[in-house]
Amino acid sequence: MEIKDILESLKNNEISVEEAESKIKNNQYESIGDYAKIDHNRKERSGTSEVVFCQGKKDEFLVNIYKSILEESGEVLGTRASKEQYELVKKSIPGVKYNEISRILKLEKEGKEKIGNVAICTGGTADIPVAEEAAETLEFFGSYVERIYDVGVAGLHRLLSQREKLEKANCIIVIAGMEGALASVVGGMSKVPVIAVPTSIGYGANFGGLAALLSMINSCSNCVSVVNIDNGYGAGYIANQINKLACKELF
Amino acid sequence: MEIKDILESLKNNEISVEEAESKIKNNQYESIGDYAKIDHNRKERSGTSEVVFCQGKKDEFLVNIYKSILEESGEVLGTRASKEQYELVKKSIPGVKYNEISRILKLEKEGKEKIGNVAICTGGTADIPVAEEAAETLEFFGSYVERIYDVGVAGLHRLLSQREKLEKANCIIVIAGMEGALASVVGGMSKVPVIAVPTSIGYGANFGGLAALLSMINSCSNCVSVVNIDNGYGAGYIANQINKLACKELF
Amino acid sequence: MEIKDILESLKNNEISVEEAESKIKNNQYESIGDYAKIDHNRKERSGTSEVVFCQGKKDEFLVNIYKSILEESGEVLGTRASKEQYELVKKSIPGVKYNEISRILKLEKEGKEKIGNVAICTGGTADIPVAEEAAETLEFFGSYVERIYDVGVAGLHRLLSQREKLEKANCIIVIAGMEGALASVVGGMSKVPVIAVPTSIGYGANFGGLAALLSMINSCSNCVSVVNIDNGYGAGYIANQINKLACKELF
Amino acid sequence: MEIKDILESLKNNEISVEEAESKIKNNQYESIGDYAKIDHNRKERSGTSEVVFCQGKKDEFLVNIYKSILEESGEVLGTRASKEQYELVKKSIPGVKYNEISRILKLEKEGKEKIGNVAICTGGTADIPVAEEAAETLEFFGSYVERIYDVGVAGLHRLLSQREKLEKANCIIVIAGMEGALASVVGGMSKVPVIAVPTSIGYGANFGGLAALLSMINSCSNCVSVVNIDNGYGAGYIANQINKLACKELF
Amino acid sequence: MEIKDILESLKNNEISVEEAESKIKNNQYESIGDYAKIDHNRKERSGTSEVVFCQGKKDEFLVNIYKSILEESGEVLGTRASKEQYELVKKSIPGVKYNEISRILKLEKEGKEKIGNVAICTGGTADIPVAEEAAETLEFFGSYVERIYDVGVAGLHRLLSQREKLEKANCIIVIAGMEGALASVVGGMSKVPVIAVPTSIGYGANFGGLAALLSMINSCSNCVSVVNIDNGYGAGYIANQINKLACKELF
Amino acid sequence: MEIKDILESLKNNEISVEEAESKIKNNQYESIGDYAKIDHNRKERSGTSEVVFCQGKKDEFLVNIYKSILEESGEVLGTRASKEQYELVKKSIPGVKYNEISRILKLEKEGKEKIGNVAICTGGTADIPVAEEAAETLEFFGSYVERIYDVGVAGLHRLLSQREKLEKANCIIVIAGMEGALASVVGGMSKVPVIAVPTSIGYGANFGGLAALLSMINSCSNCVSVVNIDNGYGAGYIANQINKLACKELF
Amino acid sequence: MEIKDILESLKNNEISVEEAESKIKNNQYESIGDYAKIDHNRKERSGTSEVVFCQGKKDEFLVNIYKSILEESGEVLGTRASKEQYELVKKSIPGVKYNEISRILKLEKEGKEKIGNVAICTGGTADIPVAEEAAETLEFFGSYVERIYDVGVAGLHRLLSQREKLEKANCIIVIAGMEGALASVVGGMSKVPVIAVPTSIGYGANFGGLAALLSMINSCSNCVSVVNIDNGYGAGYIANQINKLACKELF
Amino acid sequence: MEIKDILESLKNNEISVEEAESKIKNNQYESIGDYAKIDHNRKERSGTSEVVFCQGKKDEFLVNIYKSILEESGEVLGTRASKEQYELVKKSIPGVKYNEISRILKLEKEGKEKIGNVAICTGGTADIPVAEEAAETLEFFGSYVERIYDVGVAGLHRLLSQREKLEKANCIIVIAGMEGALASVVGGMSKVPVIAVPTSIGYGANFGGLAALLSMINSCSNCVSVVNIDNGYGAGYIANQINKLACKELF
């Protein structure tokens, strides 16, 4: 319930001052037990409702959070969910959908329009789980996604043949492990911001993605900024912001 | 020679098929040269012509680059210039301006319009040189800049009292050294992308900005992406892209 | 045999100078043993008897230690205990209690008074196990604890709404993973010492808590000092010392 | 203005729904501005007015800050000042005093009482500049300091012979470079909190103090918490907080 | 469609100048696609057709790739295959062979000639799996391999007694973990390029092969270049290139 | 068989020149298959026969090596053996003995004299497995060992009370995890070389023993040198060398 | 003297058992002295006589080395020379030549033939000093060099337009700082070995070339091996070996 | 006052039991002071009186220490002295000698006997300053030193030709930068302890000696232990201890 609606109800004498005060305070955040403070205020602050980071969440906690957000927003998005968590949540929320690749667990309003254009490139097929986490995040928030996968620099023609798609994007996400060189190459060809996501794909002196992270942070292409290793959700979140700004449809 | 001209010549029987094929193959990478030219057009359109990284450039080289860009674009922007480089360039280009804080050395067209809104926050006064590098880059490219300096989290009220300014921005740049916590705090309050710039300000276990970099890359705020330590120019470049997308004035 | 008794014996000609010298030299490091004894007295006075670090302890060893401390002190506290260790110890000490969240395994005297005030803040719910290790340590030693959980900086209003609780504390423990920014923000609002505990919560460039550790060590807030990653017990131990100093009830 | 008052005004038609919504949104953060005011009062009450970090400050800026604080507080403390900065400030504030060892530049009210007891130990003579920064900070804030210098563990008898002094302290600061073992040894002998300061003293695999920092963070003594490398001021600040809490003279 | 054909069509008035221009621009990056085709020819000529990195590949994907390459090339090589993957692929390709040591899974044409000479040295027996990955790669591509295993520097006479074998090689691969000193020692005895492969064999401050990697990168022997930790395949690939260049049988 | 014995046999016409040559070459090292070169020459070179690093050795390989060394030397010592490896080797060598703490798997000649004196100190009980690896190695090589366990610096009196034992040693091994301060403290009290062994005991910013390693390498006590993390065998090996030199019984 | 000859002498009573034993022990390593002689011959034959690393050499030492090599070889090559060292050496060897960019100080025989083909690519102009060190090394040793400078991936067309030059090389050296992505891109286009040289060009999280080094070691292109940061000489040395092997003119 | 004297006084009724007790308790840690005195006696006996670390010492302090030690011991040794410090000390102690290579500043008794045998090997000439620091330390303490310089593994014959010298040593010091492989090679040839000293000689991924340090700590040769980067003094100190133990002339 929006603050404005609460105020209207008060003005229309549908609720008392005390009820209004209580609802407004609850609107800022909702305490679940001692342990969690669900940030219902977030949508007003940031334009998107709270998203659940499922990994490591306790079972009863997870289900309560899913139910609370679903009730408030009519839909709910969770990332890094396990198949066991899917089975668990499905018992309480039968319509919930799970994607084993992206590990996204969500229940989404139907018929959402996808606007604008965000391109997502990956260096290899092993980077696709991170890419799909970004892609499903973008689509949940209402952005159109163009997938350009397996275009790593060891075979440059694969990327070059896709350049028309790149030119249509309002923002490009580049997802790559190993040495992460793809971010610089795409950055050199791009007129729009490039969000680079290093992945932990690789071995040896890759050090769990550190090599790709340092590579991307030191990119010689000006338009590259970087998020955490394997953080597909974060890249999707930011790309959605940029895409919506370009579409004049944010907030 | 443009591809179209070659084809016209062929059609007009001025050259043979073999000659045309040869010219086109030469043109192929010149046409990738074309790509660069298109790129150049983009630069004119978006206001981001080539920028000079002055630090370490040899004297005669520096002057030639400045003269060449000035001739082509009517203006020129350089970063990380020393006072000695300013004295040197001034001999050839008397109108060039130097800012000792930002270390920007530029000659700019007059009467440029600044559009949109980019906010730049710093944790402390020591971060201002990096912030001014970003700010002057943005202004050179035609973006309006709101400076919100010295609002580090050790005195949170300083930041909170500026939140109306933050709400008007299409993109926010956060520049902080030491532990770089400001990026997360601003990110938690923002509806638009936050570009975080770790600075090398600090001492001890700061390790030349590594502590702030890791802090920002691990930010718990979703909208934060990161550029290299002290990279004010890069942050300004990306923020300008986002601001222009939001203003529908890019491309 | 106390030094005084030896001297009396000498004076009474019950022993020779040589015998006295030999006894005293033996006593010398036993008197450092005395030092330990004094230390032991301090522990009784301050409530901090020896605590068991259960993780990795061999089974028979663990049970013996628990029994020995219980016999001497009438209560016993152990940290980082597994459920298997709980089952094992319970066979010998039926009254022992186990908390799966904090992994504390203890048998505590009833009716203990909790004095003073220590506040414990966490960035997220995932930090609660470390927080509860600190909290139960404090309570076992007789300090009153105020829990302020899930107040990370990505939603700052959650923390700000709790600031009255913070103002009542003699010492504040801040427990956070990812970028650990909460320590600086709480530090900026605090008049009392802040003990910061980085946690290993996070992923990617978090490097098992290193990012949060560096962030907290570089804090721009003066009152922040730091203990090891996930070291909830240590933070509780120090906070109890400070709280008792403030209550004039230590020593 | 409280939320309830806003709602009453709305109900009484004194303000519109739009005005009420705006006031409520502002209300969320505005109470903090008050908090800042309180913060300022606290500084006056507790004796810890703002301290100047001189290193890297521009000349005119430095002089203005010194004059401003002096005017408001009647005294002023600055850390990491160079001799050149002393010469500069002396021109405007003739009574200012400079200590070449501690690099403290201050003008202090006369006749200050020093209460409580904080002990400061150093491993070697090379650590004394950091120790004196801590000591002068403590004395400026009104704490009594016991200096116990050059008691490194390579000659343990030096430390052991000082143990009576250690027993009188409300808080102990341990300052050591190289391997930083002194913090654990003092911690093992102490009933009160130990603030450990790693220093950059050493060479080779010391890595600018990192070895000592890691050593202290991993201390096997429970009462040790750690501040940044060479951060004598921070250690003094925290030790003063603890000492004052113990003296019941804080706030 | 080749450029020449486009031009003929234009000349024959089958297409307009505009159509020709469009087709040629598309061809521009397709000709890079052509480049890939040439690249493909090179692979056939040089014996290095595409190689499968099996680790982490999904089951159905793996089988399809094996079948596709086998159909095109008449043979197929895969690295880092598990025994489970072998069982799986064997169902579709009964003739496939698996080596549990090298983890190579391949089906190879019979009667291949092995030319030239590549020597492979290991420090210990624990390095042999990486060495065999390199050796089988070389043999698959048609290079002759001399195995010189367990000749680490702790017993130098073992290596010295093999020096005649070393002198016959066109390229030497050195595979060693722990401190990786073998690369420098072999490099000091070699007239030909030495490809050094650090392995993750070791413990403690070996940090998963980092110690050996740094050691090899800093080698005092000029002829040493380095590939990633445990990258036997990469070393074999490069050594084959060098061996074939020396045999004048490449391209 | 010693070289001298071979030569005597030749001189006495018990063997031919060809047989002698073959035996001498085998004496330098014995090739087992392609994969191992047993360094029988080692005893002459270094005074101790080859020791088996069991961890990760393939089963058939392990048994062959144990049998080969046992045949040549009449006894055999292996480190880091698993219980499974013990079961395996016992089938071929029934007299072999296994210690689950030290993970030493050996068959030793009876009635060995233990000479000299090597003291082994540990910080805690968790360091004992590494200490016992060192102790059994020393005893196998014929050195007398004094065990001084659980004397970490958090309770200094425990170490000080053992001072007389320390004074009798020809060499002291110090084994400690966490911050490794014990090495410096023992070093400060010692007239003989101290071999420091960092252990991986600890958590958080211990980084698998790196903190203790750096601490020990930076020790302020001159007599401390360091071996790899958890390398009890290496420390025992070196201490045996020093002890034997002091006893004039080496070689 | 061969082992067999020693044994024959013993059998013939020409030497004693003791003499035979001593000769056999010496024999094990002495054959190596011969090897060193061969090594020396190789240098003359292959054109790679000893090269001087000038940096840090004492003055009198440097001059003597230059004179000694010049006398023996008729030419001399030194790397990392300062201008002061040039002035110094010139006094004794007037014909010596110095290049301020490459810091090569040499006196070279005239009319040397340059054979084969080695291509050297750089990411930017700042990498040229390292590239010229490699190039002059190659030319001194008699290899033909193709310079392809300033073709970094931020403007990919610059590299693509040079593709034909790359195809003619027997070996390619890629020299790049910042994120070092150029190595992977060139590697993806190359049929011959690529020697990658990370440079220290960059700032911030570049960490003196570490970012580029890790990037290159993790390259997704198979043909890339890596030498130390800024090690142009080493890359030139190895590329010369490969080029000569390809030309069949080595040894 | 000795314990015995106190007891005599008590027995003679010159002091009371209480006075005796107080004196003895004071004596308790003074007897640790006694320990220092014994330590002092040991120094005289073993030749290792206190040594001055000159680097960074204040001028007046330095001169006083030199005079004090000289007065007590009749000789004095200082390490890491600058030429300026030499000039300064010479004014007060005209006979003092300075070595610019080793940076040792000393005044030594004449006609000292050098006993035993310690070999010092270096990888290159650049490591000689560290080696001479070790060598002069050993000679000052009365150990005989065999210098074996510039025997790095890139030309193995140089080391092998010196092996008879190595065989005569009671202890070997190996000093090497870059990859530090020399320690393992010498270790593989040695029957006595090898003290390895990594040096900061090198560049790029050497990281100030870290590469050599890690290499040496991970050495595959059992007899290698390691001291800090560039710590020639420490290596000399330990080698002297071992040499004296072997000579039975220590203590």
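Letters A, B, C, D, E, F, G and H name the chains as they come in the text, with residue numbers starting at 1 for each one.
The rule we apply is simple: a contact is a pair of C-beta atoms (placed from the backbone, for glycine too) under 8 Å apart; a residue touches a chain by one contact, two chains touch by 3 or more.
This structure is a prediction, so every number in the text was calculated from the model and none was measured.
A.B. asks: Counting one step per pair of touching chains, how far is subunit H from subunit F at the shortest?
C.D. replies: So the least number of steps between the two chains is 1.
A.B. asks: Looking only at C-beta pairs that count as contacts, which pair of chains has more of them, E-G or F-G?
C.D. replies: Top pair by contacting C-beta pairs is E-G.
A.B. asks: Same or different, please, for the subunit D to subunit H contact, judged on whether over half of the interface numbers appear on both copies.
C.D. replies: On the two sides of the subunit H and subunit D interface, the residue numbers are mostly different, under half being shared.
A.B. asks: From the centre of subunit A, which chain's CA centre is farthest?
C.D. replies: Taking each chain's C-alpha mean as its centre, the farthest from subunit A is H.
A.B. asks: Given the pairs C-F, B-G or A-B, which one repeats the contacts seen at F-H for over half of the pairs?
C.D. replies: Duplicate interface of F-H: A-B.
A.B. asks: Using C-alpha centroids, which chain lies at the maximum separation from subunit E?
C.D. replies: D
A.B. asks: When the centre of a chain is set as the mean of its C-alpha atoms, what distance in Å lies between subunit A and subunit D?
C.D. replies: Between these chains, centre-to-centre, one finds 41 Å.
A.B. asks: Between subunit E and subunit H, what's the gap in Å when you average each chain's C-alpha atoms?
C.D. replies: 50
A.B. asks: Just give me the whole-number Å value for how far the CA centre of subunit C lies from that of subunit D.
C.D. replies: Measuring from centre to centre gives 24 Å for this pair.
A.B. asks: By residue number and range, which residues of subunit H touch two or more other chains?
C.D. replies: 35, 155-156, 188-189, 204-206, 210, 213, 217-218, 222, 228
A.B. asks: Kindly provide every pair of chains that touch.
C.D. replies: Contacting pairs: A-B, A-C, A-D, A-E, A-G, B-C, B-D, B-E, B-G, C-D, C-F, C-H, D-F, D-H, E-F, E-G, E-H, F-G, F-H, G-H.
A.B. asks: Applying the document's contact rule, which stretches of subunit B touch subunit E when the two form their complex?
C.D. replies: Checking each residue of subunit B against subunit E gives 3-4, 7-8, 10-11, 17, 20-21, 24-25, 28, 31-32.
A.B. asks: Enumerate the contact residues on subunit F facing subunit H in the complex.
C.D. replies: For this pair, the touching residues of subunit F are 45-47, 51, 163, 170, 189, 191-193, 195, 213, 217-218, 222-228, 233-235, 237-238, 241-242, 245-246, 248, 250-251.
A.B. asks: Across the complex, what residues on subunit F touch subunit C?
C.D. replies: Per the stated touch rule, the residues are 125-126, 155-158, 160-161, 163, 203-206.
A.B. asks: Which subunit G residues qualify as touching subunit A in the complex?
C.D. replies: 123-124, 152-156, 178-181, 184-185, 187-189, 202, 204-207, 210-212, 214-222
A.B. asks: Spell out the part of subunit F that touches subunit E in their complex, as residue ranges.
C.D. replies: 28-29, 34-37, 39, 41-42, 45, 56-57, 61, 198, 200, 208-210, 213, 228-231
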